[in-house]
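So, here come the structures, one by one.
Below are two complexes that have chain A in common, paired first with chain B and then with chain C.
After this line comes the complex of A and B, so read on.
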């Protein structure tokens, strides 16, 4: 029988990994749900953000938590440019898979060219820093990551729900013609949303650099579970990926604690299959 | 004889010596001998493949600076299998049927070597390969494994490791075995579990996780709960670092800890990697570097690795095995004066070859010979061999904290 400490620690671990899933899924879900683009290059942008954090903090000596100040504006512009290109070439939901996969491969090659295929680790005092809460240890970086994921999810939700821009975006998705009649420009809003999604990838990249050792092929490591998170959370719902991510993270972690760790991946995909069977309208 | 005559004779003799030297190290000429192979230049195995690329490039350059092979220059036809065994299969088919290479050198890693082996078998070609991890699957009679782990590494290696631990200041009484399900790792961990039980160690924990797992929080919590004397981590690549970092976040340091096939740089350089143990067949210190060939190779490897932008530039087990594969190929071709695959295979099965990883032979089951594995440990941020004692780095011994 696993001890309460073990269960508690696993719960904490699942909560934090769920924060990462949520952060990774936020931009992807917005793009898929509101722009109808399945943007695989989101994962490549995350890793590019991670390598830039590594470069800025590891080589230039910048505080890693400040690197988003430089990365986010650049990534916002990159997202805008990408969306402009998708519009220009009339990329639709289906072809976006292929196109963005191509962009992913290009970004992976660029990363390998600049930083080589060898592993890179950002050594910072935060990497293994934990605070103690009774018998439990709370890793500081992961805690900040969860807070940032929660804050960004809530802010995005509020932005879409309460601002004119957000309402315009939702209206464009539901009925582009009527939205246009009210003066909404779907194209401009798409550029803005794509920029925001790419900026979120940059933020996620900073935390990936802080928590993990980097390698170019890591791009593909999270695709499966983050797709599950986005679909479970509901496309275009900014709070959904975080909630689903935490749910999956905790389920995986508890499975590792009480049963075989090798069963953990089954959890997320079983949940995904169940949702697809019972609620096919979520896509 | 006058001084003038003496001077003339000396000059003539000198010229003759120079001519002789020049003829023995003459630049190779004629049609190049083409050696074909793939490496995972992109994809998840690219980090290690870069080591093999550098090793091969150094060897081919050295060969061509001497006399080539059979007096002919050597050309390495290297293709990128993108870390995909299925693509490796197609590319080896192409190397044999389209590029018409003379000799085959293996890809990296076990999955791709299996693919290449099947193609080589179909065309009766000899295959020299570097780091194949599952000897009992290497059934083809013309495949020659360089990584000398013996035919039964799942039995011989854990025994070597437990011998080393038994001889230490604090022999472990309990063991936790945590292993990736990656095929070449998993069977070794299962072997270690059996050997540990036979040697009377109590199993405090046995866990398996999927290859590619990134969240080690819960696994670390279970290791901490079990608190074993010895942790065997059936890890490949960064999995070892993942577990150690997760353990550190729980303020837990494993007492004695072993990692099967780690990413050597990240583990040696991480503060948590202190005193980590692993397996090796070559490290860049004496007695491995006692031969001038090995010493020169280590020097060149470090230079090339730095030039390639690799953060960790040590020549270790992968670099050693890779270079040795080329040495084996050269030895067979030079001794038989032939490029015929059957002739090369026959010679190799009845002769031993001196390489930088030691003397290797191919007359055992599935062309495997002795298990030349050693135990290495991270000491002062570097890997050093600590067992067997005769291979230990000068002044190094197994440290059990």
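After this line comes the complex of A and C, so read on.
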């Protein structure tokens, strides 16, 4: 049995990585739930955002926390263009898997071409900064990541719940024809939503660059667990991924502490399979 | 208000409506009656621009909207009470009403329109935070009517409002439709219950097999024996 301190520290790191899972799942879940597109390229955009942060902060000397100012508008546009193309080519839920896998491979190749397949590490003073709380260490960057994930999830929830655009979006998910007959433009809202999703990928990318060592293949590292997060959290529910992400993050890190690190994926996939068996209507 | 001139409408390769010409004048209540499968709902959906028009002309206030989008038709003051209600079941009663006033001209009048709808249907105010999907059939029809009223329409397309409702509720629905008409809204009413529809309509069209087979004042239509037999249950 590991010590209480180790368990506490696992709990903390599980909580923080849950923030990242939530952030990654937020964008994926929005387009899956509200646009019925399973956007695998979301993960490629995250890594692209991470490499851009690496470039801007590492090489150009920008403060890494300011890089989203440049990345977010660019990614928003990219998301709009992607959605426009999906719409133009009439991509549906199933073909979206294939199409966005293709886009993922292209982005991966671009990353490899520009930054090579070598590991890249953004060296910043933030990387080692942490606060002590009793016997536990709280890494500052990851704390900010959890805060940002929470803030974006809550903002997205409020946006969908209280604004005209948000209500129009939910109405067009339920019945696009009738929504259109009352003046809602589902296609325009889809462009906006896709832009927002891509912008979230950019934000997540900045944190990935701050916390992890980068390699192009990392694109595929999170797909499984984030799919579990999105499905557990409920498609299109903006708060679900964060809650599910934290749940999975904590259970993973406790499994690592109590059993073996290699057992960690077992937890998320067991949960995913249980949900799919018991509540298949969640997809 | 509305002029359809020689409309042909079809799903895929199969035409569903042939050469439909009809008009709804300002402030008129016009009924379209006919049996199941005559193309009544297709007609409404084509006018709301939810279905492509193959041939013919559709005009609203003299402006050609044959190729317009549903949003453009909505901006011109057309609202729909669709067959089977088609509410946004996962949204609250009040959110459904708010989608009704989504178009810019109606948004400004949101709270005023809400008060008006709640005055007509107090039960909707009581349940305004409930999900639309949890309402009873009659309440859902009231919400569908309320949603259309929120749009402050000048022309209301009403599709089979009595479908699946208890007789007492049907009476109430028809009373509300008449009240909306008295407020100056033009109405195109599609209804299988011909007796009821002809009672309140100023003019009517009979649709059979995708064609208009007869038109006129309800009194005139009722003198035609085959219409009486087909829609009013024999020798009434």
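The criterion applied here is as follows: the second predicted complex is superposed on the first by the 283 of 283 C-alpha atoms of A that agree within 3 Å, B and C clash if a C-alpha of one lies under 4 Å from a C-alpha of the other, contacts with A are read in each partner's own complex, and residues count from 1 in each chain.
Basically, a contact is a pair of C-beta atoms (placed from the backbone, for glycine too) under 8 Å apart; a residue touches a chain by one contact, two chains touch by 3 or more.
Please read these numbers as outputs of a predicted model, since none were measured by experiment.
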item: Touched partner set for A:270, first chain B, second chain C, both or neither; value: neither
item: Which superposed partner A:216 touches (first chain B, second chain C, both, neither); value: first
item: Partner chain(s) touched by A:163 [first = chain B, second = chain C, both, neither]; value: neither
item: First, second, both or neither for A:175, with chain B first and chain C second; value: second
item: Comparison of chain B and chain C by chain A residues contacted; value: B
item: Touched partner set for A:63, first chain B, second chain C, both or neither; value: neither
item: Chain C - residues contacting chain A, complex; value: 45, 48, 50, 69-71, 73-75, 79-80, 82, 86, 88-91, 95, 98-100, 102-104, 107, 147, 151
item: Chain B - residues contacting chain A, complex; value: 41-44, 46-47, 49-50, 83, 181, 207-210, 212-215, 217-222, 225, 238, 241-242, 245-246, 248-251, 263, 265-266, 269-272, 308-312
item: Residue numbers on chain A that touch chain B, as the complex places them; value: 2-3, 5-6, 9-10, 12-14, 16-17, 108-109, 112, 115-121, 127-128, 130, 132, 137, 139, 212-213, 215-217, 220-222, 249, 252-254, 256-257, 260-262, 264-265
item: Chain A residues within the chain C interface of the complex; value: 164, 167-168, 170-171, 174-175, 177-185
